[in-house]
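Below, subunit A partners subunit B and then partners subunit C, in two separate complexes.
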Partner chain A sequence: MNELEKLLGRIIQRINVNLRELEYDVSPFIKNLVPLNQMVKFHAFYGITPNHSLDFLFNHSNLAGSYFLGKIQVRNSILYKSDIRGDELKSKGDVFHYQKFEIPITTDEGIDIEDSFLIKTLVHNFSHDPETLEKFFIRDTITSHYANIHGAPMDGSFLGPFSTVDLTTMRDCVIGAFSYIQAGEVDHLNIEPGTVWVRSPDDFNFHYRYPADRLKDYICFDKGAPPKGLFIDFVEDRKEDFGQLFNVFNIEQPASVPESSSLNRFSVIKPKTYISENVMVAQRAYLENAWLGKGANAQEQCYVINSRLDGFDIMAHGAKIIETNLGENVFVGFNSFLRGRTDSRLTVGRDTIIMPHTIIDTKKPLAIPPGHLVWGLITTPDELESNSIALEDLSKIDAGLMKGNMSFEGSGAVFVNAFRERIHHILEANGAFFDGKKNRGHAQKNQNISFNTIQPYPDGELQGLYPAIVIQP
Partner chain B sequence: MNELEKLLGRIIQRINVNLRELEYDVSPFIKNLVPLNQMVKFHAFYGITPNHSLDFLFNHSNLAGSYFLGKIQVRNSILYKSDIRGDELKSKGDVFHYQKFEIPITTDEGIDIEDSFLIKTLVHNFSHDPETLEKFFIRDTITSHYANIHGAPMDGSFLGPFSTVDLTTMRDCVIGAFSYIQAGEVDHLNIEPGTVWVRSPDDFNFHYRYPADRLKDYICFDKGAPPKGLFIDFVEDRKEDFGQLFNVFNIEQPASVPESSSLNRFSVIKPKTYISENVMVAQRAYLENAWLGKGANAQEQCYVINSRLDGFDIMAHGAKIIETNLGENVFVGFNSFLRGRTDSRLTVGRDTIIMPHTIIDTKKPLAIPPGHLVWGLITTPDELESNSIALEDLSKIDAGLMKGNMSFEGSGAVFVNAFRERIHHILEANGAFFDGKKNRGHAQKNQNISFNTIQPYPDGELQGLYPAIVIQP
Partner chain C sequence: MSEYRVKELMVPLSEYATVPVGSTLFEAVLALEEAQEEFDHTKYKHRAILILDKNNRVIGKLGQLDVLRALEPKDENAEKIGELGQFGFSPSFIHKLRKQRRLKAAPMKDVCSKASKLKVEDFMQTPSEGEFIEAEAYLDMAIMQLVTGPHISLLVTHNEEIIGILRMTDAFAAVFHTMKECEI
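== the complex of A and B ==
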C-alpha cells in the first residue's frame, strides 16, 4: 500500500499549496476520512453501450467505484465510489453559444481528473466554461462525501460533504458542507457551510445561508472525523441494499418497465414501485414504494420513498423525498431533502421549483402551492411563507428582494426564465419527451449497458492502485 | 452482431485457406457449434497479482470467459470461455537450452492470438519452439470444446474436442477429437480421433489409437452438431455449479486451506474436501468429496470426485477421476478419464504414470500396480494388462515394442526419463516443494488474485465485440 499512501500524501500537499492564500490546511479533514484499506476492497466499473463513445485512460490511480460513460482520463488520483457520468459531453463539430461568441468544438470533450481525491462524488454534465470547452478538468482537488462537481472545471479546491459546484469554474476555493455554488467563475473563496448562491453576472444574484446551529443536525463536518448528521445516517442506513447489487453480475429487472424507460441495474428498487413511460432511474438511485409518472426521472443518489411523482418531475442528483407527493413538472434541486411523515404528508404543487439544497422537514401535513420557488430550511407553514415566493411575483421583481436569510438582486424574470429553460433541457436530455421516434434521451439510450469491473493490485507495493488501462472503441 | 458474424466468417475462411491441401472444410463443423448470441451473454475476466507482469492488448475480438495472467495480445479473434494462463512465460534475460544451443531470451515472451476462434480452450505454459521463443503465436486456428494448446505455437489448424497439442509447433493440421499430439514440429497432417502420439525425433516414438467404435461413446464430433458423448454430458451436468461462481463478485473460501496452498476462487469445492499443504487448485477445477495430500495439484478443468490423492500427485489439465485412489507421486495426464464405482473403486499405485488421454472405466474393483506406464482404453483387468508396462521394463527397451493398439520405437529409458523430468518440473512450478521460504510456485503465488471483468457491446453493429483495451502495469 506504500504507493497509494504516497499518492494521497502528494495530493494533500498539492491542495494545501493551492489553498495557501486562504491559510487552509486540508490534512486534519482528510485524516480518518476514509481508511485507505477500504480502497483495496472495492472494485470499479465502467459502462459500455453503443451510444456512448469509449475513450478511457486510467493511470497510477485508485478507481474504487464509479461508472464512467464517455471520455475520461484519470491520472494520479483516487476515486472512491464516484459516479462520473460523461454522457452529455460536447462532441467534435458542435457549436457552443456564449454571449456574442459562436465557438466551434474542435475535439470531443473529455473529463480529465489529475492529482485529485474524490470521495463518493458525482461528476456529470459538460463543462460550461467557454475558456475550456473541450477539456473538463478536475485538478489538485479533494471532494468529500456526496459532493457534486456538475459541469464545473476545478483546480486546487476542497469541497465539503453534500456540496455542489454547478456550472462554475473554480480555482483555489474551499466550499463548506451542503453549500451550492453556481456562479460562473470564482477563485480564492472560502464559502461557509449551508450557503446557496446562484449568480449570473449582470443578471441576478441569489443568496441564502442556513442557520449554522440548525444545519448541523443534518450535516456537520469537523476536523479529524468523517462527516456526521442525519444525511449521513440516512444514506448509511440504506448502504446494505446497494452492497448486494454490487456483488452480483447479472440481476433480474426488479420491476416491470415500459420499453421507453430505463432502470439502471445498480439502482435499488423495492416494492411497490411503479414506472411509467419515458422514465429514467439512474445508478445508485433508491426507490421504495415509489410511483413515477410519465417523463419523471430520479438521478444518481436520489431516494424516493413512499412518494409519488405525477410526471415530468425532476429529481436532480442527490435529491431525497419521503412521504411526499410531487405534482406535474416539479423540479427538486440537487441534494434537497423533502420529508413528510406517514400521517403528515408533504405535497408539492405543479410547476414548483425546489431550489437546490433545500430542506423541507415537516411533522405536520404541509402543502407547497403550485408555481412557487422554494428555498432553504422549512419545517413549519411560517417558514414556508418566508422561504418561498410565487414565480409570477418573482418575475416582476427587478430591484431586489430580502426574505428571511435570502437576498435577491437583479431581474427576477431572467432568473425564472433561466431556471425554466434548464428544467426543459434536463427533461429533454433524459428522454421525457420521447414520442417513440424522436427526442431520445438517457431513458432510451441507457437501457442496455454492459458493465466492466476492474480491481486494484491485491497486495505488494502497488496494493490499492489499479494497473494502467487504455480503452478505445 | 453484424461485425461479430463477419469476424467469424473471416476466421473460417482463413482456416479453410490453410487447410486446402488437406481438402478440408471446417464450415460444417463450426455451424451450430456455438450460437453467436451466447457470446454476448458472457463476460470475460483477467487476473491481477503483484507476481505476474501485466501486458494485455485486446482488439476487435470477443473474449467471453477466460482469465489471462501474463502478456497476451488478442486480435480479430473469438475466445469463448477460454482459460489462457500465461504465468509460465519466459522472461527477458532467461536462457533457453536446446540441444547444442544456448538461446538468450531478448524480450518477455507473449501469447499472440490472431484471427482465431477458441472454444473453451486452455492455453497454458510457454512455447518450446526454439525458432520462436519470445512469441507464442496462435494464428488462423479454430479449436473445439475443451481442446488444449499447451505450449504449442499454431497456425492454420483445426482442433477437435478434448484434443491436446503439447509442446508442438503445428501448421495446417486437423486434429481429431481426443487426440494427443506431442511431436516437436508437424504440418499438413490430418490426425484421426483418439490418436495418442508422443515423439521425440531420434529418441522415441509412442503411438496409440483408440478403437473408433468404442471411443464414440465417450466423445464423438460430427458435422453439423456440437460434440456429443459421455465427456460432454459429464461436463454439462456440472456446469451449473460453475455458473454460480461467475455471477458473484466476492466469495467466501469454501474450505479451510493452509497458507501454502491456493484454491482458485473460480473452482467448485463441494463437501467434504480436504486440502493439505502446497496444494494448487486451479480455475474451473471441480472437487467433490476429495482428499488432496501435500503437494498435489488439480489443474484447469480437472474433476476430483469421491477420490483421494495421497500427495505429490499431478492432475494435468482436464484430467477427471471418480471413485479413485491415487498413491503418492502419480501423474494423471491431460484429459484422462479415470472412473471407479462406489463399490468398485479404482486404485493407482505410487509412481505410476497415466498417459495423457487415457480412459480407465471399470465396473469392478481395479488396481493399477505402482511404477507403471498406463495408456489407452481400459475397462477390464485384461485390458489393463495389454495397456500397461512397468516403467522398469520399459526402461530396458531400445528396439521397440508392440502391445495391443500401441507401438513404441526407440529408447524406453529416454522416454521414461523425459517423463520423470517433466513431472518433477510440473510439481516444482506448482509449488509442491515449497518449504516455507524456497521453491515458491503457483500454489503460493496465485493465492491472492484480483479479477477484472469485461463485457462486450450489448447491442448495435458491434454487439458481441469488446472495446479495444490496453492494460499495462
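== the complex of A and C ==
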C-alpha cells in the first residue's frame, strides 16, 4: 500500500503547486475522501467492440472499479469507479472546423490521463481545444464524486462533487460543487459552488448562481468530510443495486429491448421498464418503472424512476428524474435533478430545454409549458416563473436580461440555436434517428460489447497498483 | 521643490477631523464640518475624517467616497453584479444592471437617513504600507507616494506616531508656488 499512498501524496502536491496562485490547498478536502483500502477491492474493466478503437496503456496507476472504452492512456493516476468513455473521439482523417480553420486530424485522438485522481467521474466526448485536437489531456487534476469532464482538456484543476466542465479547456481552476462551466477556455478561476456559466465570447453569456443556503441541502462539500446532502443520499440509497451488477459475470437482459436499442450490461433495470426503438441506456444508468419512447437516451449516472419519456428526449450525464413526464424532444441537462411526487407529478412540455444543473423539486403538481428554457432552483410555480422563459421570447433578446439570479447578455437567438444544434447532434450521435440502415449511433454500435477485467496487486508494497499493461488489437 | 519638507506642508492631527471608533457616519460628517470651520489658513477643504482607537491612534481614514459608498443599496445582488465582470460580462451590461438596481432602491432622503446611523469602521479604509511618510521627508518623496499609490493624502509620522496628514492639495499648492517662483 506504500506505493499507492506515495502516489496519492504526489498527486495532491502537484495540484497544490498548480493552485498556488489561488492560495488553495486541496489536502483537507482529499485526505480520506476515499479510504485507500477501498481501492484494492474492485477490478477495472474495459470494453471491446468492432466499432471502437482498442488501445490502452495503464502505468503506475490504480483503476479501482473504473471502465474504459476506446483509446486511453493512464499514468501515475488513481481512477476510482470512473468511466472513461472514448466512443466519441476523433479519428485520423476527420476534419475539425474551428472559426475560419479546417484542421485535419492526423492521428486517432486519445484520452491521456496523468498525475490525476478522479473519483466516480465521467470522462466523455472529445477535445474541443483546437490547439490539442489529437490529445484529450487530463493532467494534475482531482475530481470529486460524480463530476463530469465532457470534451474538456484540463490541467491543474480541482472539481467539486457533481460539477461539470463541458467543452472548455481549463487550467489551474477550482470548480465548486454542482457548478457547470462551458466557457471555451478559462484559467486561474475559483468558481463558487452552484454556479452555472455558459459563455460563447462575442455571442452570448449566461450566468446563474444558486442561493448557497438552499443548495447545501442538496449538496455540501466541506473540508475534512465527504460530500453530503440529498444528492449523495439519493445515489447511496441505490448503490447496492449496482454492486450486484459488478459481482456477477453473466447477466440476463432484464427487459425486452428492440434490435435498434442498446441496454448496457452495467445499468440497473428494475421492473416495469419499457424500452422503445433507438434507445440508448449507458452503463451506471438506473431505470425503475421507466417508459423510454423512441430515440430517448439515458446516459451515465442517469436515474429514471416512475417516469415517462415520450421520445427523442435526452437525459444528459448525471440527470435524474423522479415522478416526472417528459414530452417529446425535451433536453434534461447534466446532473439536473427533477423530482415530482407520487400524487404531484412534474410535467415537462415538449421541446423544452432544462439547463444543465437545474433542480426542480416540487411537492405540488407542476407543469412546465412547452418550448421553454428552465434553469436554477425551482420548488414552486412562482420560482418557475422567475427561472424560465419561452424560447421564442428569449430568441428576441439581443442585448441582455436579468431574471432572479440569472444574468444573460448577448443574442438570445444565437443561444437558442446553439442549444438546438447541440441537442440534434446528441440525438444523432446516440442513434435516435436510425432508420434501419442509416444514422447508426451509440444505441446501435454499443449493442455487442465484450467486457474484460484487470486487477491490481492484491498485497505487498505495490498493493492496489495495477501492473503496467498495454492492450491493443 | 525638494526644499519643502512634509512637516511644513501637513495639517497637524489636532487640526484635522477625527472621531473615535464606534462613531456613526453622521457624527463623522459633523466632525468634518466642525474641523473645516476652525481650519481657515487655506481655501482647500478637508475631504476625510480620521478614525482613532481608544488610545487615540489612527486606525483608518473615511473619505468622501467611502461615505457615498455607504449610500449604495445593500443586498446580495450588489455582490453578484460585481462578480459578473470575472465571468466576461461587458462593463456596459454591468452598468445597466447597477442602474436598474439604483432605480429600484429607496428614495435618496431615506437612504441618507438610514446610512447616517451606520458605523464608521464598516466603511473606513485601513491605511496601506505606501500611505505613511516621515515628517522629515522632502516633498518630492511625498509626490512620488501620492502618484504611485495613487493616494489623495498621506499620513505623516514622527517616532512611529501619526502626527498629521499631508493632502494632495497641500502638495499641489507647494508645487504651484514653486512653479510661480521659477517664472518670476
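Brief remarks on what is shown
Definition applied: the second predicted complex is superposed on the first by the 473 of 473 C-alpha atoms of A that agree within 3 Å, B and C clash if a C-alpha of one lies under 4 Å from a C-alpha of the other, contacts with A are read in each partner's own complex, and residues count from 1 in each chain.
We take it that a residue touches a chain if its C-beta (ideal position, glycine included) is under 8 Å from a C-beta of that chain, and two chains touch if they have at least 3 such contacts.
Bear in mind that the values here come from a model prediction, so they are computed numbers and not experimental data.
Looking at the shared chain after the overlay, A:A225 reaches neither subunit B nor subunit C. By the touch criterion defined above, A:R209 lies against subunit C but remains apart from subunit B after alignment on the C-alpha atoms of chain A. A count of residues in subunit A touched by subunit B and by subunit C gives the higher number to B.
Once the two complexes are overlaid on the shared chain, A:I471 sits against subunit B while remaining clear of subunit C. In the overlay built on the shared chain, the residue A:Y457 is in contact with subunit B alone; subunit C does not reach it.
Listing the residues of subunit B that touch subunit A in their complex gives 43, 48-50, 54, 246-250, 448-463, 467-473.
If you check the complex, the residues on subunit A that touch subunit C are 183, 189, 197, 199, 201, 205, 207, 209, 399-400, 402, 405, 407, 409. Those residues of subunit C lying in contact with subunit A across their complex are 80, 84, 86-90, 93, 96-97, 100.
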